[in-house]
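What follows is chain A paired twice: with chain B in the first complex and chain C in the second.
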Partner chain A sequence: MTSPLALDFVMEKMKEYGTVEQVRQNRIRITTTPGNVFNAIKDVLGPIGCDRLVTISTVDNGTTFGLIYNFIGPHRTVVSVAIEIPRENPEVMSMSGLLPPAGIYERQIHDLFGIVFLGHPGLKRIILNEDWPPDEFPLRKDWKKNPDTNYGGVKEGWS
Partner chain B sequence: MPEVTVPIGPHHPALKEPVNFKVIADGEKIVRLEIDLSYNHRGIEKAAEQRDFIRVLPLLERVCGICSHSHSTAFAKGIEEIMQVDLPPRALYIRTIIAELERMHSHLLWLGVAAHEIGFNTLFMWTWRDREVVQDTLEEMSGNRVHYGMNEVGGVRCDLAPHQVAAALERLPHLEERIARYVEMVNDQQTLLLRFKGVGKLTREEVLKYGAVGPTARASGVDYDVRRDDPYLAYGDIPWNVVTDTNGDVYGRTCVRIGELRESAGIVRYCLENLPEGPVRVNAPKTAPEGEIFSRYEAPRGELAHFIRTNGTNKVERVDIRTPTLANWTSVAMCLVNQNLADIPVIVAAIDPCLSCTSRITLISSPGGKPGVVTFDELRKRSRIRYEGRWP
Partner chain C sequence: MATPPESFSQRLVNWARVKSPWITVFNSGACNACDIEIIACLMPRFDIERFGILVKASPRHADILIITGHVTLKQASRLRRVWEQIPEPKYVIAMGACGASAGAFHGLYHIMDRVEDVVPVDVYAAGCPPRPDEIMNAVITCLNLLKEDLAHGGKEWRQHLSGTKIEPDEQKDERI
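And then the complex of A and B:
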């Protein structure tokens, strides 16, 4: 266990990617763009010294989707890399090559939000059942249950 | 010999919850496997967006039947931080007591399941009997065996009376004695050693690479524990140690869990003996200001993370739950490669998988097309019509 990360240190290393802020004790957040995210994460794993991905959090902001990659390292400070991707074309580069645990989180996000991770080796269904309609993403804010659609389970009149 | 695909699950005697593995095997050796978790999705994250803070806690408690207190505490402490509500120390201590009792019952349950997977049913019966002592304590404190419902935004639901504290302290020596027996057993019991040693090995580098959490990671010498790294509740004031091991196999994971049982008993004893006086809750506001929080919690199975975003109303904008089991699957898929088919149950059981936690969304639709709750009578009626073709 080493001492917590200092904001100045992270700011100096990461300022080329976007804004760096300390949201609270033990939490540092870097806001960047989808184009820079791969290099930013590479630097978080390198000079910043993080060694594990905690999770990829996803939010629906209305016009965009927010993806937040949360990392932790021996310094015990959560370093978050936040990006926003457009709703019309929800595509971002997959991190599964760089970070194997990202693979399963990306499959989950793909299932629930319909975000496409380019270069993912097997972006298959993992959370939703197999008869769920392929073009409906239940965690999007504008998703409504369609009464005429079968979402799986026991069908009407089946006995 | 050609490769063969062996389907295991979703219904299988060795699995306690539905999951499907497509195991590609070459003879007895596993080449790789694919996992399908889509049998238990209940829509909790979506449902949480539609309930106010008072109603969302009981819902989140039902994410998991074993670590129910973990989910509601992770959420409540996140929301309290956004609201800038400071909890009275007595509330923090009571939350800690429940959290550690929950860890003890979860680890005892796991030890029983793991023993059962290797055919050692005596140990299974012993640990489950001892687990009842923990369950009785929890029931006496909260009124419930499984979903304790102790958390409220701003504190805990009920106080601990002096006789409840005394009764819990009276039960502890028996538990501590049994835990000491298990510590002894794991060192010299041949059945355990033969089936656990060298099975499902993960090195320190692999754990970091594949992102395993909790006892699985600590068994390989990765000493991440949120209770120490990012102290919450009363963990900052309590003397306790992070348990690690260097074996990295199922045996190491057993040692870590048994060590944690001992530490948890110590934490519970310390909290009960040093329970601060005072109120157990404060009045929290009904709405939370706009904000975002990444709330971490050390659940029995590993690090649990709730990402919460609020929008100034009495409902959350988004709760994103990352359960420890989801983080552990990648490492399981990796450490099964080149192992024997017969070791699948014990290696899978070694991460203590909790599938209801991991997959959380689906819609229930009754034959009438209306979503809702099916009563017992309705269920009976349907089964009679299905199997006998008549009602009544």
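And then the complex of A and C:
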């Protein structure tokens, strides 16, 4: 069994991408920019020794969207790569080429938050119903259910 | 209204329908607690097969459809398609608090608040989740409804009841 990752080791490898901090025991967070995220994740998978994407969490901060890629490996330390993208132009590079499982998370984020992942091979609906209106994103903070909109699901003449 | 006397084959079919209902379970967005209670029904402690109740995988072989959970917008068309494949006479049990009123999820953006907007429901089984004996009680309530419907020659006599919910406790349990 390998020992947990040391903060100094990660800081030395990742300091070119942004700030590195120990959030709590067994959890290291790297805050970087959308331009650097591809290379940062490449390094997390390489020299840092993570081999598994746990999840991609997304948060609506009001003016920006925060994306946090959480990784884990044999060292049993969760390494999080956090970026913020602007709300007006929510576009970020897709990780599906580097990490095929990320593609499914990205489809879900695209469905619920409307974030566009550039270079994704098939950015289609995965979780909402097929006849959901295409310009409504229910997990955004400013989204409200419009009583005049048809959100699909049930058709006229049923029951 | 005088109904014509039933033929022997029709009486045989009716007897078999009441004696051995086949059910199919459709998870329309449940948290799996209802499904686990249905599995508990099949296990040796309750063992609903000794009453002739069989769980079938295909809706085309089933008489009773058990809907577990609230109906999400995505599952609504699938649930309707499953219901349309069941041969008449068919009965629907909406299971649990979610089946009755979407439960804790009432009013969310991806939920049909009423199962009756998608398929007509005959029996609501209360509980979160309902215990296996309550599920059995709901199935037997369906069978009592089936007997009454056979006597009345169809489901139309119950139309005036629409709006009032038929609770499982209203019927006397005659088989157990």
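As a convention for this text, the second predicted complex is superposed on the first by the 154 of 159 C-alpha atoms of A that agree within 3 Å, B and C clash if a C-alpha of one lies under 4 Å from a C-alpha of the other, contacts with A are read in each partner's own complex, and residues count from 1 in each chain.
The criterion applied here is as follows: a contact is a pair of C-beta atoms (placed from the backbone, for glycine too) under 8 Å apart; a residue touches a chain by one contact, two chains touch by 3 or more.
The shown structure was predicted, so the numbers you read here are calculated from the model rather than taken from an experiment.
Student: Touch check for A:Asp60: first (chain B), second (chain C), both, or neither?
Tutor: Only chain B is touched by A:Asp60; chain C is not.
Student: Applying the touch criterion given at the start, work out whether A:Asn129 contacts chain B, chain C, both or neither, answering first, second, both or neither.
Tutor: Touch status of A:Asn129: both partners.
Student: Have a look at where A:Arg52 lands relative to chain B and chain C in the superposition and call it first, second, both or neither.
Tutor: first
Student: For A:Ile68, using the defined touch cut-off, is the partner it touches chain B, chain C, both, or neither? Pick first, second, both or neither.
Tutor: A:Ile68 contacts chain B only, not chain C.
Student: Considering only touches as defined above, state whether A:Pro121 meets chain B (first), chain C (second), both or neither.
Tutor: A:Pro121 sits against neither chain B nor chain C.
Student: Could you tell me if A:Tyr105 is touching chain B, chain C, both of them or neither one (first, second, both, neither)?
Tutor: first
Student: Looking at A:Lys145, would you say it contacts chain B, chain C, both, or neither? Reply first, second, both or neither.
Tutor: Both partners, chain B and chain C.
Student: By residue count, is chain A touched more by chain B or by chain C?
Tutor: B
Student: Where on chain A do the contacts with chain B and the contacts with chain C coincide?
Tutor: Shared contact residues on chain A: 127-130, 138, 145, 151-154, 158-159.
Student: Over in the complex, which chain B residues touch chain A? Could you list them?
Tutor: 35-39, 41, 43, 45-46, 81, 208-211, 223-224, 229-230, 292, 294, 296, 303, 305, 307, 309, 317-318, 320, 322, 326-327, 329-330, 334, 359-365, 367-369, 371, 385-386
Student: Within the complex, which stretch of chain C touches chain A?
Tutor: Its residues touching chain A are 72-74, 76-77, 80, 109-110, 112, 116-120.
Student: Within the complex, which stretch of chain A touches chain C?
Tutor: 127-130, 132, 138, 145, 151-155, 158-159
Student: Could you pull out which chain A residues touch chain B in their complex?
Tutor: 1, 23-24, 26-27, 51-55, 57-60, 68, 70, 72, 76, 78, 80, 99-101, 103-105, 108, 112, 125-130, 138-139, 145, 147, 151-154, 156-159
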